[in-house]
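Order as written gives the chain letters A, B and C; numbering starts at 1 within each chain.
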Amino acid sequence: MVTEELKTRITELLPAAAFEEAGEWLNIIIDPNDWLLFAGKLSNDEQLYFDFLFCLTCIDWKTHLTMVYHLTSTKFRHNIVVKAKLDSNSPEIETVSLIWKTAEFHEREVYEMFGVNFLNHPDLRLLILPDGWEAKNPMRKDFEDPVNMIKL
Amino acid sequence: MPSFSNITNSIHYWFNQTFNPTWALIFEMVIAGIAVISLFAILGLILVLMERKVSAWMQIRLGPNRVGPKGLLQSFADTLKLLVKEGLTPGGADKFLFNLAPIIAMVVAMLLMAPIAFAKDFQLWNLNIGVLYVTAVSSIMVISILMAGWASNNKYSLMGAMRSGAQIVSYELSAGLSILVIVVLTGSLNISDIIYSQADGWWIFKGHIPVVIAFIIFIIAVTAETNRAPFDLAEAESELTAGFHTEYSGMKFALFFLAEYVNVFIVCAIGATIFLGGWMPLHIGNWEGFNHAMDYIPSSIWFFGKTFFLIFVIMWFRWTFPRLRIDQLLNLEWKYLLPISMFNLLLVTAIAILKWHF
Amino acid sequence: MYTNTNIISEYSQGPSFGGVGEADGDLVINVGPQHPATHGVLHLVITLNGETIKKVEPHLGYIHRSIEKMCESLTYRQFIYVTSRMDYLSSHINNQACALVVEKGMQIEVPERAQVIRVIMAELTRIASHELWWGAMAMDIGAFTPFFHAFRERETINDIMEKTCGARLTMNYMVPGGVMQELHPDFQKDVKAFIQLFKSKVHEYDEMVTGNIIFQNRMKGVGFLSKEEAISFGCTGPTARGSGVSCDIRKLYPYDVYSKVQFDEVIETAGDSLARYMVRIKELHQSIRIIEQLIDNIPEGDFQAKTKAVLKLPKGEFYTRVETARGEFGVYIVSEGGTTPYRIKFRSPGFSNLSALDTMARGEKLGDLVAMMGTLDLVIPDIDR
């Protein structure tokens, strides 16, 4: 489906979605509270069928955090990007690991690097960082480490 | 070159001349003990080097070639290294069993040297149930492996020992039934009798189909009994580190290592004796001239040649086949090899009664 | 080096002590981080019942080097070389992804000669990576000799790379705009000689390992991954193609000259370890086919487009994906217009492939775990970044 058709279909599913034209794919900005239902509809919808979550990450914009989800469909081969703005002080969003199982590991990584709390995640704990790094959130822009060199 | 039997006879004669019979016997037993231990050591050295060179040849590389000319002194370097290594006993290990396990492995290997005939009339102990003795004593090896796995206080070692115990006990059946095929044809458990019955041809040629089947099953079964690849789950390096001998280091590891190689030698010696004629040269029926020519080659060379050929075949297996999983291994034995061996035994009994062999 | 005394003390207790919430009689063992079969520092905590696996839990991070954070201080010319260290067996292809994303952002036109050279290098890297995978996989299963045969071919490829790029493992050869320097004069001759050598020896692979009945019994029916699960876990590359998912980036979103060469996408539907194995073996043949089509037709021209000395990506977001030997490697750059990226995210194939290991391994035996990990073809620095 081309961009216009995607826009129409997504507005039908979630009227509050906003669109942005950054990058080569359609970007959809949503409210974090709508994410779980919207994700379920995206993956099950007959015309959209986004069954492959291939990238899940987070960007720290200093005033807020943005969760970025890259989705594609193995049937129709269209790609979209879903973004949700989170508050810097207490970032929370619903987990999608029940819809796309790959999210389990990716969300654990975002949790330890950025401090985002994923509600109802089956096993939210540190993945790559060793013990003792809880709540340090090293990928945030305000992370200070006097011992190790961060800025090269 | 004086034959071995001449040397032993002259020594025996000299001892009985000089001392009274009891002392002579004791001295002879001491000499026999020293000879067995030194054969054990020399065989260990040769086989370790042979394994490394054969594996290198099959893997398109050179193998050890630094120590000595063409790497022939590598075994001495290895022995020296193992001697000076620290022998660690893991904390929490059962010390008595931990130290006893390699000693039992070694003692079993040495005991099995007794009935093997290395050359004409050169046998340590010509007992009339030689074959039964060999099968029985080789079963004790399982105990040393289980002891080693248990006493190491290590989950990996225990799992390796359990797998190995199950494997060895299963494959003893097939090995025993294969040996029984020859016993049926010969009518005797005495090793010397079996060898002399091959004076007009080796059993692998005389007893045709059943003996060939028995030989193939025997080779597979003894590869499994000595924990060699493709049945080397007990020491599968890529899965359980080193299996039951993970925690052994230094001299105790050297004893396990040597005992494994000497076991390979012994089972190949038994196979060569029973199926290929032992020290008996290649005779074909009544061809007098040919047989006479074959007799010129000393019998010890025949024996060692056949044994080392079988050892080469077993080493060849190791570097060619992937490893079997434990359930596939036991499946192979209980569902395939054992029924075939039993049927083979019936077949050979029928052939022996009807005299349908050469 | 950190120590996690809680985990070590819990998991080193004897067989009858339960682990973390396990039933009585379950054994919890550690495989790794130092282990001959994991090919990298991967720590797996396995809960066993006898020989049957009940749960596999990977503990990652032993080789985490915070590459994503580091790249926020590196310029667009510098960050490419860090990616060679991520999946060191497909280092050319990783570099290609980074060069492509910078070119997409700055709208740089890459000359045709450079594109063809890139594709040839990428396919040679794919062959080298699959060779090492095959040798190491056979060694894990227990056949020690194929390792040496695999390295015989891989050494030839490494020699070709060394003459042109100067390095044998982390070849920093791709730059935004093309390749770094001209090909060595012997390149065409060497590659053609390699193709002849490979074709004469590749039947050995099938005879020695693929056709061996012991090997097939170890791999058939082991580690089943269904098509829906493969998509849900985000598996890509041969792992997913062995379960019937069509996901070859070279066909779906072609880059460089992949749209102009003829090759097949190899898909098997069985979903077990043997299917994933056969996908990689057939991919070897397809890669040789691509190289054969290109090696005689390298167009003349520049090997690098003219670019400014200091590269600056305009404000925006850019995503590029390539097909490495392991799967889909994605580079996602968020740029604020400066000389360094604001945020960079590497979507590594091993990360998602590893998450499928738990589902695949439940109910299988411990001996099969090695076969499964072998067919997933994990390179741990790729996972930990």
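Following the convention adopted for this analysis, a residue touches a chain if its C-beta (ideal position, glycine included) is under 8 Å from a C-beta of that chain, and two chains touch if they have at least 3 such contacts.
Remember, it's a predicted structure, so these values are computed and weren't measured experimentally.
Taking the CA centroid of chain A as reference, the farthest chain centroid is that of B. Closest to the middle of the protein, by Cα centroid, lies chain C.
The geometric centre of chain A is 25 Å away from that of chain C, both derived from CA atoms. We define each chain's centre as the mean of its Cα atoms; on that basis chain B and chain C are separated by 45 Å.
Chain A and chain B have centres, each the mean of its CA atoms, that are 65 Å apart. Interface residues of chain B facing chain C in the complex, by the touch rule stated above, are 55, 58-61, 155-156, 158, 229-230, 232-233, 236-239, 241, 318-328. The residues of chain A lying in touch with chain C in their complex are 22-25, 51-55, 57, 59-60, 68, 70, 74, 77, 81, 100-102, 104-106, 126-132, 138-139, 150-152.
For chain C in complex with chain A, the touching residues are 2, 4, 6, 60-61, 64, 66, 68-70, 73-74, 229, 231-234, 236, 245-247, 252, 316-319, 321, 328, 330, 332, 334, 342-343, 345, 347, 351-352, 354-355, 384-385.
Put simply, chain C touches chain B in their complex at residues 14-15, 27, 29, 35-37, 51, 138-145, 147-149, 152, 209, 212, 214-215, 217-218, 365-368, 370.
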